[in-house]
Every structure is written in C-alpha cells, then in structure tokens.
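Listed below are the structures to be examined.
Heads up, the next two complexes both have subunit A, just with different partners, subunit B and then subunit C.
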Partner chain A sequence: MWQGQRSRTVVIGIAFAALFVCCVLPIVYLVATTFGADSDAYTALALDSRQRGLLYNTAFLGVGTALLATAIGTPLGVALARVPLRHQAVIRVIAAVPILLPPYIVALAWIYLGSRRGLLAALTGRDLFSAWTYSPPAAVVVLSLVLYPLSMLATEFAMRRVDGRLEEAAMIVAPPHRVLWRITLPLVAPTILASALITFVLAVSEFGVPGLLRVRVYTTEVFTAFAALYDFSRAIVLAVPLLMVCVVVAATAAGLLGDRLNTARRSAGVSPVAFHDWRRPAGIGFVAVVAAAVALPLLILGREALAARSLGEVVTGSGKAVVRSLFLSALGATLVVALAVWVGYAQARMRRSARLAIQVLLVLLFATPSTIVGIGLIGVWNRPGIAGTLYGTDAMFLLAYLARFVPVAVLILAASVQTVSTSQEEAAAVSGAGWIRTMRGIVLPQMRLGIAAAWVVAFVLAFGELGVSVLVAPPGDATLPIRVYTIIANTPASRVAALALLQALVILAPVAALGATASLRKGQ
Partner chain B sequence: MNSSAITLAEITKRFGSHLALDNVSIDVASGNTAVVLGPSGCGKTTLLRIIAGLEVPETGEVILNGVTVSAARRIIVPPHGRRLGFVFQDLALWPHLTVGENLDFVLGSAHVSRSDRSRRTREALALVRIERFSTRYPHQLSGGEQQRVALARAIVGQPHVLLLDEPLSSLDPDLRTELRSELVRLQRSLALTMVYVTHDREDAAALAGRVVEMRGGRIAAVHGEEHRM
Partner chain C sequence: MIFHMGRNSCLARLGAVIVYAALFGSACQRTGGREVTAYVSADRPFSEPILKEYERQSGVRVNVVYDTEETKSTGLANRLLAEKARPQADVFWSNEPVRTLVLKSRDVLAPYQSPSADGIPSSLRDAEGYWTGFSARIRVVAYNTNLVKPEEAPKSIFDLADPKWRGQVAIADPRFGSTSFHVAALYAIAGDQKMDDFFRRLKQNGVRVVDGNSVVRDMVVRGEVKVGLTDTDDVNVAVEDGQPIAMVLPDKEGLGVPVMPNMVSLIADAPHPDEGRHLIDYLLSSDVERQLAQSEAVQIPLHGGVQGPKNIPSIDTFKPMTLDYSKAASRVEEVTNRLASILGL
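Coming up: the complex of A and B.
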C-alpha cells in the first residue's frame, strides 16, 4: 500500500510540475515582466481616443458575442435536453461542430460572402454589404456562430442534471412551459451565465476573427506591437488589461460553475418535462443554425475553392504545411492527454475545496488569450542555455499546444475519472494491486472514451491553433493555420479557400469518427 | 355513501419486462383516506404516479370526480389540470424559491390574483404552523420544517385530492408521530380525499381504517368497504 501511495505521489507530482512549467509559467513570466517594463510602454495604456476605441471594440466584441451566442445556444440546449428529437446524438455532434472549426475559417467564409467581390455582391450586382462585413458587429456575428455550442452544450448538460422530481412537483400544478420557465431555467441559470462569461472571455481573447475583419481590439494590438513593431514592452503592457479582464471574468465563471464541471452525477429519476409539440420549431431552429454556422461557410469556401485552377496543385503546394500540421497536432494531442490524464485524475480525487481551486485555475488558463500565452512562451524559452535549445524548433508548437489545451483536456478527463468510483480503486488496493497496476487495469480502461474524446478535442484545437503558433513558429516553418492566415493578403482567394476547406475537412473527420463511435456505443 | 373521488379501473403498468401494476382497481370516496401499504417495489408509488398523470397506464382508466383523466396508453387531462396536491418522498421543494415562493408558484399557476395569493399562502403556512418561515429557503429549514412546507405547498391550491408518497419515511419516530397527527387533523378540517402510500404499518394504522395492501403489483388485501378488487 505504501508502495502504491509513493508511486501515486511521484507521478502526480511530476504531472503538476509539468502543468506549472507548460501552462502557468509563461503567464507568471509575463505578469512579472510587466513590473520591469519600459516606463514609456505604459503610455500605451493612456486612455486617449485610440485607447478608448480599442476598449470599446473589445468590450463590444465580448458582450455582443456573449449575448448573441447565448441567445442562439440556450434554446438549442433546451431543445436537446427536453424535446424528443430523432437522431438526437447526430444532431448534437453536427450542431457542436462550429466550436471545433478555427474561427478564422468562418470569418474567411464571411468575407467571401459579403465583401466587395463576394458572393452577395455577385448575386445582387451591387456592393451592399462590404462596409458591414469588416465591422465589429460582423465580428460579433461570426464569433457567435462559432461559440454558441458552448452555451448549447452547457445548457443541455445542466438541464439533464436537474432533479426530475423538482419538475414533476411543478407539473402537478403548472403546464410544462411554466415549469420550464419558472423551475427548470432558474435552476440552470448559473450554468448558462457561466457559459456566457466564458464566451465573453473567448471572444475578447480571439485574435484571428478581428484580425481578418479589420476590427482593432486588444489581441490584434498586442500582436501588432510584438510581431510588426517588435516592441516587446508595449505588447506586454497592452496585454495586462486583457489578462485582468479575462482573469476576473473566468474566475467568476468558474465560481458559478462550482462542481458542475466535474460532477458526473445524473439527476435523480426521469426528467418528466418533454416538449413533444416543440419538435418542429426545434428542428427548424437546428437546421437554420447549422446552415448558417456550418453548411454555409463550407459551401462558400467550396465555391471559392472550385475557382482554383487545380485543387490538387493547391493542396500539393501546401503539402509540407499540411503534413507538419497533422504530425504536430497528433503528437501535441498525445502529449496533452498524457499530461492531462494524471492531473485530471488528481483533480477528481481531491477534496472539494482543492478541486474547485484547481478548476478555477484551469478555467483561467484556458481563458488566457492566445497572444498572451505566445508572448509568455517566448519570454520563458527564448534564452541562452538548455531552455533555449527548444526555441526556434518545432518543439515550440508542442509547448504552445500544451499551454493552451491541457486545461480543457484535464476538465474532460476529470469528469471521466469521476465515473469510476473510488471504491473500485480501494477494492483493487485491498486485493494487493499497487497504484500503477490499479490505474492500468481498473481506472484507465474505464476512461477509454473520455481519453479518446480528450485526444480528439486536443487534436482538433491544435490543428486549428493560430494565436500562439503565429508568434512562436520557427522562421520558415509554418503550420496550415499560419500558412492560410499569412497568405490571405497576397494569394488568390481560391487558393486560400481551398486550404481553409482542407483544414475544415481534416478537423471534421475525427469528430465524425468520435460521433459514430459514441452513437454505436449508445446503440449497444 | 359518498361519491367516488378517485376510481382506478383495471390498471396495468409495465416497465420493460417488469409488471409494476397488474389489473389494479380501487375506489376512494370523497373526503376519505386510503392508505396503500406494501414493501418496496410492490407498485404503490407507480399507482400514485398514475393517479397524478405522471405515468401512463397500459390498460384501464383513472377517473377523478367523475371525469376520466387517463385511459389506456393516454393522458386525457394533464397533471396540472387534475386539481391535485402531491407530497413527494424526497419532498422536491424548489431550492431556488423561498418557502413563500414555493407556495406562490402553485397559486400563480392556478391564476389566483396576487392579493389572494399572498393571503392564501399565509393561511396555508399557518395551517401547518410554519408561517414564520415564509422568506426562508428550503435548505435553511430542518427536515420536519421542510416536511411541513411540502404539505403546505400540496394543500395551498385547495386540491380535490391529496397524494402522499411515503412523506414521513425520512423522519425520526417522534417527529413522525407529530406529523401524522397533523396530517389527520388537516385531512379532517379540510375534508380532503387522500391517498397515502407507505410501507409502515404504524402509519397505516394511525391514518385510516381503510388500508389497501399491495404485493407484486397486485392488491393482496383490502380492509374497508369502499374498495373493490
């Protein structure tokens, strides 16, 4: 038993040390650096008209996206939880796809739709939309179409956890719509609010969409200061307000969520409120949203891509970037899961207060804007000595993926660990099995689907990662997102669209495989 | 003899291959109490849920005050249209609403005017002697106080029928005795038709002389003249 405890302490200790180095250290470094920043750099924070515009755009993007994405996602989540839809599992996977697509791909489709030479202008013969296409409201629409699944899934998850008896007790005296409005929705309101706050943070952290739609926000300003002006101090100082907002909002969201993220407990009894009459409107809602968020962008990219002289040539021309992206994403996802599985295990088995503290930290890390993580990583690894040997190599991509996606994977895997009761481990221990043997033979096999899900999510996110990669990429080496993003300005739209479409299809393939596996398991 | 407030006619209910209720028929006269007694899994809770309209019977009919509310495989009158009060085993008090709001939700659903709602809420809380807890949340109350709130919530809408699903099972013996007397007092003063489900013979003896004993989804014995098998 003592042997088992020791091996657990060592493994989890190493995992937390790695979590600190990969995810926490870059941010700590950046915060520490702000204290020593050049005093001139602080003039960047002076609230002149330029700064006010920056602040307004960032706030507009965050609040607008949080409101619109919640307005789209919440009804869909209610429908998934309470309307008996046919092929519900398939509908859920398809409706959740936008959150896995890199946001700039949807932004690109938006540009091809509404710009001066876009589809709408070609169809109407007049340029009615280009001014609106490159505007803060357009960025809000694009980001809402990308981020609404967060609200949808959070709402569905929370509604499925509502104790069915509470709804039954209300149904004795009230019609179903009143039960939904007065009993169910107030009970899930903290989760909906938390998902709205996380959406806010992800929107103000987003770099690709405002960059493409020419909306000046803090993330684009940080990137410009760092990558175009080579002004490290200014970039760091500009990152501070963004980081502070993200920390406060994400901590509030994590606090609101409480145990909801980690507890896999289902509600007692059967949820009785089912809205059979809402099947048709719910179906129409799903079709409309999926058409706008998935089908339309892919069709627009497909239409643009078909104009390329040779699609094969486009793909071959970027073959190196595609292969590098696939390889690095797969390796990165494997490393992310290999680390997250131990941290997730530890988190799931901690006392409640420690578990919640780790959860707050994970949400904060996940919510940290990618440009901030990128600058932090450069600060930590761009130095003489052993640490510096990694800088300028593909290892920086892997560190970027670890820094960005370990927190998400930990949250997924901690929930998966909680489906395995501690008594099973205790039974193995009293049978004489050490901790490693117990993990290998009892816990990990039962987490198979959770591990697969975490790997797919990490792979998909890594394959679309742009914000950190564009900052830490070694000279001359590019992943597919970097290549797409950097050639937009000086390459025919058809080639860019072909690459973006290819990227979207590579992302959708493992998601489809995971969805099919889940459906098959459910069928069994 | 009083007219029937509740009539269950040849009710059958299955959950998969498990036969929960097998051709059960019961009449309960208006203003009377029926205690359904039996061990866990004998179908007594399912019986209550079928009366409430929370489950659909496979065969048979449920008639409340002369109106057929459920028939084979269909709900004719939804639960909220049946004028019922229901005390659940785990009480199911809405945790985000105060005690007063728990009761107000019931009255609001019945379109009672705002001024009447507040008066009737006060009266119902006074009936179960917890009027001072109106602004508290359920988690701020003891088990016995929560039990009284559940009872107040069930009667505030002036239901025709009160259904109770082992409401005292989680209480200590002293509190059980006290609340049992309270229930008897309420039933008599409000002339309620009551169906009380329990596995406890003491409850059955204290509440009524009419007891329906169930076993394996069937009625095993009936003590009292108003029931037919």
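Coming up: the complex of A and C.
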C-alpha cells in the first residue's frame, strides 16, 4: 500500500531508533557490562529451590490479579456501555479513580484496616484478619482493586464499537441477554484479553505491594539483590525467570488474540442493545466496588492522618515538589505518546509474526524491574559528551519515563490502530494522498480516544514512578514521590498516612478535572 | 493535538521551548558559583537542617540527593556504584556502616583525614581515612510501657527468644539497613552457631519481621507487639510524641551495646573535591554533633565534651560492643543469605 513512501519509512525508522535508544539500550548495556565469568554461581542461583516458591508466587500474583480485576472490571464496563445509568460520566470517572492511586498507598490502607490492631480489630474486638493481611491472596485483592479500571474501560470502549447491525439482526431471533452473551461478548473478548495481559504485566512487575505485604516474588528478590547485596549480576539473573513468565503469557495471549481485535465501527442510526432492567443491580455493583476500592482506602488513610502532628509544615513544604511532579509527568506523558503512536501504528500494521515478536519485546521491556532500568540509564547517559550534558538534569526524569512507559503506551495504541480499517488507508492512497496526510486526516483522528487513554495512563504511571527516578534524579530537586519516600523514613505512621493521602489527592485533582472537561465538551 | 502541525504550529513551538527548558534549565541553574554535591542516607528530617545551615554559613550551594527508607528503593549506594566511572557526588553521608564499607571495598571512596576528626575515638575511624564516624545511634530494645513493666523488659538481645515473648517481638528485615549491620556484628562477635540457634528460636517464637525500624516502633506503640528491636532515634520520635514506649540498652554487661555511627566519606574522583573536604570538616565538627544530639535524632556525640541528648546515656556510661566494622561488614552477604533461609524471608 505504501510502497515507495519515503516519509513513512523515515518516520517509522526514527521511532524505532528512539525506542531502541530509550527503552532497549539501557537494559542491553547493563546486561552486557555486568555479567562476570562465574557462570557456575549464576547457574546455582537459577536452580535454587527457592526459585520454585518465587515462580509460584509470581504466577499466582499475576494470573490471580488479571482474573480478579477482569472479573470486577468487565461487568462494570458492560454496565457503562449497555445500561442507561444516570450521571454515567460521573460514575465512570469515580469508578476509574483506583487506577490513579499508587498501589503502595492502597496496600498501606489495607494494613491499617486488617492488621492486628487495625480498624477491623478495633470495631469487632477480635483479630480475625491479621493472618490474612500479609499473604499472596491479599496482594491479589489489593492489586485487583487498583487495576480493575483497565478492564472496565477497555470493555466499555470495545462494546461501544460493536456493529449495532449484528446485534439488531440477532435480536430478531433471540432475547437481549442472549445476544449479549452469544454475540457481543465474543466480539469484545479479544480486547478484554488484551487488557488482562496488561494487568498481568503490571501485577508481576509491581514491587511496592508484594514488598509491603511480605509476599516473596521475583521483583522483591531482585530488589533484595540490589539493596541488601549490591550485586547487579545476581539481580539480573533473578529477573530472567520473571521475564520468561511474561514471555510465556504474552505469547499465549497473542496466540489467542490473533487478528481478532474488533475493527468494526458502530453503524449510524442503529441503537445498541440496552438493558434497562439492570439499572438497579448495576448501581449496587458500582457502589460496592467504589466503596471497597476508593472510599475505604481514602477514609482509612484520612483517619490515620488526622493524628499527624506538624502536618501543615510537611504539606506546605511539598508545594514545589507537587508542581514539579505535575509538570514533568505531563511533559513525560506527552513525549511517551508522541513516540508510542508511531511505534504502535507500525506494530499494528506488521505481518502477524513480526507483530507478535514486537509485542513480546514490549511486554519484556515493561516487566523489567525498574532498578535494572535505572542502573542501565546511568550507564548509558552518565558519560562525557552530549549524553553527559543531559545527565544530572531533569532530562533524566523524561528519559526514565520513556524507558518505562513507552512499551505499555505502544500496546494501548497498537490496539487502537487495529480498530482503524486498512481499507480507509488504501482508499486514501488510491486517491493520491501521501502517508503523512493520511495519518493526519484519517488514522490519528480515529485514534483520539486511544491517544487520550495512553496519555492518561502514562501520566499516572509517571507521576507515581519511584524506582527509576530515585536513581537518576538530579541533585537538589525532587518529585513528590521521592520527597514523600525520603521523609517517611523516620516518621510516625500518622504522617506517613497523611503524605500518602496528599500524593493520592494531588494525582486525582488534575485527572478528575480532565475527565470533567471531557464530559462537559461531550455534553455540549 | 500535537500532530495537527498546520493549525497548532505555535503550540508545537511553545512545546519545543518547554522541552528545551526542561532538558537544560536545571543544568544551567547549577553552573557558576561554588557548589558541592552530597548523597545522604541519613534520615532527611535530621540531615536537611544541618546541610542548609552549612549552605548558609559557607555560601556554598549544597546539592543533595536523599535516600529513601531502605526497603522502599535500592538506595544511593547502588547509584554511587553505577556512577563510579564518572562520579556526580562529592561526599557520601551514611547513617550506618554497611553501605560505606561496601563502597570502600568497591573503590568508590577516596581517603581524607579531616582535622575535625581529632577527638573521635580511633575505633570509629578508618585507619586509612576512607570513612570517619560521628554522631552515633544505639540499637535498643523498645517496649510498650502500658503492657510491660520496666523490670520485666528484656535486658539482652537473646531474651527476645524467651517463650514468654512468643508472638510479641518485632524486628526490622535483617537484610537491610541498620539491622543488617547489627546482625552481621552479632555473628562476627558471638559466632555462627550461637546466632543461627538464636534466630531459629526467634522464628519458632513467632517473631514478626517488618519493613523497617520505624514500623517496629509503631507496632510497639500500638501494642501489636510488646517489644521490638530498633534504633534510639526511632524510639525517641515516639517518646517526644507522648507515646507509651521506652527503651532498654541491651547486653550492657555481656556482648556490649551495639553502637552505630554515621559515616562520612569523600568520593573518589569527585567533581568538587576541595568543597567536599570542607563539607566533611563541617559535618565532623563538634557543632554538628551538638545539633544532632539536641534534635529528634538524639544522636550520641563522639567528640568528648559535647553534651549528649536527653533520655540517652552518654557513650562512656555503658560498655559498647567492641567490633571491627570492616570485618562485620564483610560478613553481611553471607549472614543475609543465612537469615533468609532461617527466617524464611
């Protein structure tokens, strides 16, 4: 279709070169320069019997979170797409709030709730939950309550793109709920599976929640290798099984997904199947989930924070860090999306085998523990010349965000590109439009929602990013997460809760404002 | 938005200006004028005022990178190791010996014998000058004063394995921070067999292994456990807050009380070595020790004649643990692996 189009080759080539430099090179550099000659020690480490426990816990955490988050999010997404709820835009924003909260903060609230002297023990007078508070199932529940909005929003998005004519035809012979079950849900299943894959990768690459809840997984072992033993080689060896688990899951998901992402567009004038009778149960479901995932953690943190002393001094002293974090996160998210949109387009338009290989690479990059990425960034950029000019400046935050979050943004945007039919690009090419013009006029406008979603995800992840940032932050200035975590080292629990609440509220405010603005514009 | 270049070229140019400013702006702020860069693992609430005071007195801009709690991120030691080929820091201020001694063994540090170190005991200074100790903390047994009478509180580390404390003892993860140094020191002095046996009994006694010393303190305050192993500054924060907690200096008669000094070092090939030396001279001064003693850090001065913190006994009123810091630090990796196995970490 685009044979001979030099502009396409140049743009895509530059994008992949940037992907290599920003995302791949730090990891390759660290691996290449770190491994020593003692292969026997690494073999012994890899075959250590403790590895079985790590493998089990990591797989349990990833699969358990993906399943539970999907089980929570999918029905909510169906409700948003098919149940005529009042104030639907508000419900969507509130239900999506958990994805904005750093998982560590939710885990902290969980401990305050269920520990031996926590809120539940205080209310019931008995210690019923502390044994369960620190456990792999607890980590699954906490992460699922944070990540279910991915599944919810993906399901809603996919259901709104189902061709209404298919449902209309089916309803001639079947009732609405059967049409939903036999026609609509199978059509959106690939999108749900894609979001489950992202949830899986986010869960297995998470360190804060399993660390806090004392669940031994590969990320905590990698962290120990760095923080307790200062052994870079050991950390990389321990990261390999984690990455292999992700490869297996990503390849399986890609094999199941195939080319089945929905490429249809909703037909004008055809109303979707609606379920008016489901308004009450849908409302109850939203209230229950929002209460457990949003209200409860924030209330618990607020209760702990009320006991904090000299809180005003800590909060006011964080103003500069708040502004800095918001600015760098917004800029970082913009750069991430600006790069990812071209890589995502290229990946979506590749042959199946190449597309699968790129997808596996992206999952690998995103699952790589943040410390490995951080140490690799130092190795690549802390050198004389142009690279050294950037090192020690805020550019390192931006490079950290690119290294960490371009892969997940590409996955989101590639899925978005696949909903744009290639026949439209073919028609444009036949009409004489160049590739750049076709992208500007046809493809990118249809990717608006996907671009917005990728930007918000990148912004939220960048704002809460700590593992790489703490390694590459320039001296003298800090982002809010760094400031919070350097202060809490020797701080009463009440002040920890207050700072965690501050971080949560700071990230909620601009995203809620964005959501409200988008809803208002849609209403107009 | 950013792709419709025709309509929004002004926005795109503005965006490019902002990107440029972000990329180079912070670097421009740091050129010109005297400056020194310090990587600081000592707790920020205590160290920040000291460094700001130095900045005010000397007129030298102090660029600081603070560390997070040891179980939250991999910390500055790894950053220093990664930057070894092209150091960014001039000075490293650590609040416990392990990090410093690892860095010394990896040739990250440079020797410097500061004149301010005169008066600090030689056992708390590196003979070659790679590190100098100052303002120490003590490892203590904290207990909840509502649940435990002073005469009932454990007097020795080894009392924690007594069945009467079953399920009522908390310790910070011994793989990290000051606890890692403490256990390595115990293994170096008491021997592997005795310490392995102690930790097995501790495990059988239902010991709670938690994130950090401050978490131990909070659990004792809340009564989740009756006793815990932590540091003097952690306990003092709660004491000053009016919480029901007190502390015991363990093994005053036996092994000796574990004393952990802060350590300050010059970085090898530092970008500003002269300013680094001046900062080290300041940190090792009696004035800084006085400030740290009188702050919530309640750190014990090592210079003679400097008034110590209230509530904490002076270092010459108890028997400190006699140990070779380098030898203890050299055992950290091995001890970490042993304890991971014994305690199921």
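To be clear about the criterion, the second predicted complex is superposed on the first by the 307 of 524 C-alpha atoms of A that agree within 3 Å, B and C clash if a C-alpha of one lies under 4 Å from a C-alpha of the other, contacts with A are read in each partner's own complex, and residues count from 1 in each chain.
Quick note on the criterion: a residue touches a chain if its C-beta (ideal position, glycine included) is under 8 Å from a C-beta of that chain, and two chains touch if they have at least 3 such contacts.
Keep in mind that what you see is a predicted model, and the values were worked out from it rather than measured.
Legend: residue contacts after superposition of the two complexes on their common chain; A:I375 is shown touching subunit C, with no touch to subunit B.
Touch criterion met: A:P186 reaches subunit B, while subunit C stays clear of it. Judged by the touch definition given at the top, the superposed model places A:L328 against subunit C, while subunit B stays out of reach. Once the two complexes are laid over each other on the shared chain, residue contacts for A:G285 go to neither subunit B nor subunit C. By the touch criterion defined above, A:R178 reaches subunit B but does not reach subunit C.
Using the contact criterion defined above for the overlaid structures, shared-chain residue A:A169 touches subunit B, although it does not reach subunit C. A simple residue count on subunit A separates subunit B from subunit C, and the partner touching more is C.
Of the two partner chains placed around the shared chain by superposition, subunit C is the only one that A:P384 touches, whereas subunit B remains out of contact. When both complexes are aligned on chain A by C-alpha atoms, no subunit A residue touches subunit B in the first and subunit C in the second. The residues of subunit A lying in touch with subunit C in their complex are 115-117, 208, 211-212, 214, 216, 223-224, 226-232, 309, 327-328, 331, 334-335, 338, 341, 371, 374-375, 378-379, 382-384, 388-395, 398, 439-440, 444, 466-467, 470-471, 473-478, 482, 485-493. By the touch rule above, subunit C contacts subunit A in their complex via residues 2-4, 15, 18-19, 22-27, 30, 37-39, 43-46, 63-75, 77-79, 81-83, 85-86, 88-89, 102, 106, 175-176, 180, 209, 211-214, 218, 222-224, 233-234, 237-238, 241, 332-333, 336, 340, 345.
Against subunit A, in their complex, subunit B makes its touches with residues 52, 54, 78-80, 82, 84-86, 88, 90, 92-96, 105-106, 109-110, 153, 157.
Only residues 163, 165-166, 168-175, 178, 182-183, 186-187, 268, 272 of subunit A touch subunit B when the two sit together in their complex.
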